[in-house]
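This is the structure I have questions about; it appears just below.
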Amino acid sequence: MIKAGIIGATGYAGGELVRILLGHPEVEVVWYGSKSYIEQKYADVYQNMFRLVEDVCREDDLEALAEEADVIFTATPQGYLAGILNENILSKTKVIDLSADYRIKDVDIYEAWYQIKHKSPQLIPEAVYGLCERNREQIKEARLVANPGCYPTCSFLSIYPLAARGYIDLSTLIIDAKSGTSGAGRGAKTDNLFCEVNENIKAYGVASHRHTPEMEEQLGIAAGEKVTLNFTPHLVPMNRGILITAYASLKEGVTTEQVRSAYEKEYEKERFLRLLPEGVCPQTKWVEGSNYVDVNAVCDSRTNRVIMMGAMDNLVKGAAGQAVQNMNLMFGLPEDLGLSLVPMFP
Amino acid sequence: MIKAGIIGATGYAGGELVRILLGHPEVEVVWYGSKSYIEQKYADVYQNMFRLVEDVCREDDLEALAEEADVIFTATPQGYLAGILNENILSKTKVIDLSADYRIKDVDIYEAWYQIKHKSPQLIPEAVYGLCERNREQIKEARLVANPGCYPTCSFLSIYPLAARGYIDLSTLIIDAKSGTSGAGRGAKTDNLFCEVNENIKAYGVASHRHTPEMEEQLGIAAGEKVTLNFTPHLVPMNRGILITAYASLKEGVTTEQVRSAYEKEYEKERFLRLLPEGVCPQTKWVEGSNYVDVNAVCDSRTNRVIMMGAMDNLVKGAAGQAVQNMNLMFGLPEDLGLSLVPMFP
Amino acid sequence: MIKAGIIGATGYAGGELVRILLGHPEVEVVWYGSKSYIEQKYADVYQNMFRLVEDVCREDDLEALAEEADVIFTATPQGYLAGILNENILSKTKVIDLSADYRIKDVDIYEAWYQIKHKSPQLIPEAVYGLCERNREQIKEARLVANPGCYPTCSFLSIYPLAARGYIDLSTLIIDAKSGTSGAGRGAKTDNLFCEVNENIKAYGVASHRHTPEMEEQLGIAAGEKVTLNFTPHLVPMNRGILITAYASLKEGVTTEQVRSAYEKEYEKERFLRLLPEGVCPQTKWVEGSNYVDVNAVCDSRTNRVIMMGAMDNLVKGAAGQAVQNMNLMFGLPEDLGLSLVPMFP
Amino acid sequence: MIKAGIIGATGYAGGELVRILLGHPEVEVVWYGSKSYIEQKYADVYQNMFRLVEDVCREDDLEALAEEADVIFTATPQGYLAGILNENILSKTKVIDLSADYRIKDVDIYEAWYQIKHKSPQLIPEAVYGLCERNREQIKEARLVANPGCYPTCSFLSIYPLAARGYIDLSTLIIDAKSGTSGAGRGAKTDNLFCEVNENIKAYGVASHRHTPEMEEQLGIAAGEKVTLNFTPHLVPMNRGILITAYASLKEGVTTEQVRSAYEKEYEKERFLRLLPEGVCPQTKWVEGSNYVDVNAVCDSRTNRVIMMGAMDNLVKGAAGQAVQNMNLMFGLPEDLGLSLVPMFP
């Protein structure tokens, strides 16, 4: 059994990790880390875990945890892990970081967008960007995996087949994203109260959201060119789910058939990517609770643009599920072990 | 592998059966029956099943299905199964009926409340009321199981430990229930449109809901006396979940400790019953997607009443999950096989 | 023009007062009091008021406000007003208190349930319980009105016609209430986050909610006997609305016709009480945004109980609307001035 | 008093017309037309109107209604009004059409997108496109007003100040829209059931929604050039509200100051347009129940694009409210008479 520790186990992503790992046949959770609920029973914080988890929450002590765990998941605020991670820890245990600390290779860009001084830039080069469908082989060898952001995961996977083939003019790329409210975390803020979110929709972080450079860097690597794009997230009154609607101009001569074929070739062997039948739009509800990303694209001959769409569960493929997928790869397990989660409807 | 057929696979309870059976290691679904979607791909009706179910829907032909299946689940309108079930079918296959046709032993009461002439009353005596926690041994031997109604399941399990011990005056019993909207089914009715249900709550079927006699009969059997109660269901703007708040006067001399102890003794060995810590109220969200029923009780010394509370997922323990639990018993499998569903939060 | 000041204008009840008073032809709001947003523009806190309210928030200074205002609305935490109100203030201005400080005549009961030492018990006798339908004449003469609680308002009005006539056995009275989340206020608490409330229902304050003694006292006055009842509130995933489902045994010989007639007689001349047609259940959505209370009752001959139901908007008739109705009475204006709010559907 | 008739009074837009007209001091509704509920009490269909509307529904007889009414609102399916409207009717009464029949000047485009043969194309030239902020003077003289679509209203008003000044490259214009579910109407369709919409978001009508040509035509007229754009609507789990997020490249040399100034100049005198403070994003909740459109724009110097945002209530400014605004203009009344609706929050 793999011994797993979770730093930040009482946030929503941490809770989802627990839910998934409880059903994983090769993993045992040995450490429920929490800053806010130390010494409290985990099941008192997340009552769904009553009689399933008997442990109490322990402090977020990475050094101590490294002695006990084969793998550590960190679901912590930006900058936290970068401040405490070091070679000693990585020599003892594998780390899968759900924060943004090691996602962006260009540390200047990280520091500019996150407004944080990076405390361990020397570790960035070895960190592997944990988008399994893209970096599978490197992940298998990694000690440190940067689990991708929720928006970048869904955006990248919706756009990648066309970007990689040079089918779209990336200078025209616009990503309009919609997310459920669990993406905002479990912090007690007025803006996230039920009465403020319910019956409401708004854009936020317009032209300034910190997932932008992550998408630009990854799409740039995939396409072999510098990418600058517009990204606008919106907050939707639902618990889970991200929907991406992305727009780009097709390069001259690219046909509808080529577009469809690109997705087919890219994703036909992917366990968690579902290219929907032509004309069927992704809906977040159809992937809820699962590790799937549903994608599709529509070509508009009037404007010569393609509309690329993707839907996933932000807490699963956008956080905990993808982290477990990464863990499976890192430990030589079947990639989908413990991840055969059937989407729940309704 | 057990071959299972589903009549009414495209309703919400049928869809949930498919979701659960896909994760069951000993079952293969061989027949996706549907009245409305014959010849259509099942995954076109329930897009969450895309790439998970390749079958097309077949007509609701019970005779033909009996030749192919080891067990048939019927999630059909009231009266439908009673009109077509017969000894020949039961001699070939086991039947688990999610409708109300065989739940009520007193056929006059069935006909009075359902306003339907029962077409096969001769089969009622052998049908076992499929509340596993109560009728486990008979279910193991049954050919025909009447899967309990959603409200009766949650109500009975919330009240039973006190009723069976004679701790409450059953003539004072009032059950106030709240249900998510999936309980109303997938029929296209104006009353169930998003804009009619959302931001709204109402009582319905006041003093006339058809689950009333089912509760009365079962509580009556458990308590050894005739029970007449008030039951008021309410429609709540959420997809899943039933919450029961039940009220009764405590018999003279019954103490708070006895009340707590009754639940403890009754449920300490039950896999799917969770007696919450003292003072913690059940919430539907904490059991969503799982087969659990969370219960608790509060004694009010001012009024000498006990408030009994229970929460469950109406589509799981209230329908498909309990049906699979019954199937496990009928086939000699571990009762929780395929049912280790961790509640999803949020 | 009546000059009105609001202490606690940035809570949900305070915001609703502003919404209603903006449409009132005889009132001008001169003071937007707030503890948390002093010196900030009110419209920055409540963006719906952009271009409608230009004022900035001022501190909660009752003495200063009494110099400026003809009437003060206090939507403040329990105990706050009792600590600062005095004869001097009441000699200069009228006060309508939306907190519980002056609702309960028996100060011992107030202190026991609220766990607060009452700081100005000498003012309790002159405070009029501001349920307009019940205490209209006293309100007209009052300097200090205790605006009723949301649950007590809806409960009392649903039960009163039968309680006053001695038609029900009050020792059997049970009130099961369901409320939208705005009733929980705008404080930033984890329990009230969108993801915690959405897709969820729970009971809270079981056998201990502080609105219980208020209902008992008022129903006791109406019925001329001591009342002890069970009250269980539930939190529902919607913004607004309270639904009451109350149960009591009918006294011997009381007929269905008498029950209906009681409501008809009591409410036929009431502007804001709507007795629905027989068989139609109240729904919160049908009164949203208005000052109406919709009521109805069903007699159950099987159990000889009556189920009394009521629906209202907790922020209007349950708080701000009723406060304005009180103000109208206190200033000799038509009772419904500024309150002709048509319910908004959907 | 203006006598008003409503054809299609039992749809959501019709119901909202009734709500608004009940509060209008100069209008009396004399005809509640309905295809589905003839002879039924209107308040039985919309229970919020209990005791407010005593009328029964009448058939949709335009000829008869023209004899009785000074103005007719038609909230009917596409093609219906075009099939029955004629010069005789227009000689007797004014008509405000909430359907799309007379919105598009180019009848070929109408027929191509709506797949309907237009039955009265001779009336199109005289129909005035009823966007009050744009066509105020023509509306005052009109007999027939084509009330704009919900998406076009919000989109046009969000984009117009920049389009009219040539500040944006209209060939790059992309409109990503999000709508509450009341926009889908009150028809009983499975897709609009609570359980299908709740906890879900999807795009629909991608590259094919029928509001596209209406926007293209109106923006084209405003800009003096042919416009071809991408429009993608999304269905959001809320009752009311439309949010527009539109993207376009800024023309060379256009500054952030010019962009802000364009909105300021265009809307400073508009009663129902609110340009929010810099940096504040529109939210649908802040305009709910009102006739406001909240707009704002953000310039992104990295991509040289402007993101234009607008929020409104689809049933008010997007349907019934704008219709009443048009009526006020047509009858020489103050444009905002009966429309001083304060947004309701929460």
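Points worth noting:
Note that the chains are named A, B, C and D in the order they appear, and that numbering of residues resets to 1 at the start of each chain.
Simple rule for what comes next: contacts are C-beta pairs under 8 Å (C-beta built on N, C-alpha and C of every residue); 3 or more make two chains touch, one makes a residue touch a chain.
It should be emphasised that the depicted structure is a prediction, and the values quoted were computed from it without experimental measurement.
Shared contact partners of chain C and chain D comprise A, B. With centres defined by CA atoms alone, the chain at the far end from chain A is C.
Counting C-beta pairs in contact, the pair that comes out ahead of the other among A-D and B-D is A-D. Chain A and chain B, compared by their mean Cα positions, are separated by 37 Å. If each chain is reduced to the centroid of its CA atoms, chain B and chain D end up 46 Å from each other. Distance between chain A and chain D, defined via averaged C-alpha coordinates, is recorded as 38 Å. Among the residues of chain A, those touching two or more other chains are numbered 12, 182, 195-196, 198-199, 237-240, 283, 285, 288, 346. Considering their complex, residues 12, 181-182, 186, 188-190, 192-199, 237-239 of chain A touch chain C. Chain D makes touch with chain A in their complex at residues 172, 174, 176, 178, 180, 195-196, 198-204, 206-207, 228-230, 232, 234, 236-241, 243, 245, 247, 281-285, 288, 298-300, 302-303, 305, 307, 309, 311, 346. Every residue of chain D that touches chain C in the complex is listed here, in rising order: 12, 15, 19, 22-23, 46-52, 182, 199, 239-240, 274, 276, 280, 283, 285-290, 294, 340, 342-346.
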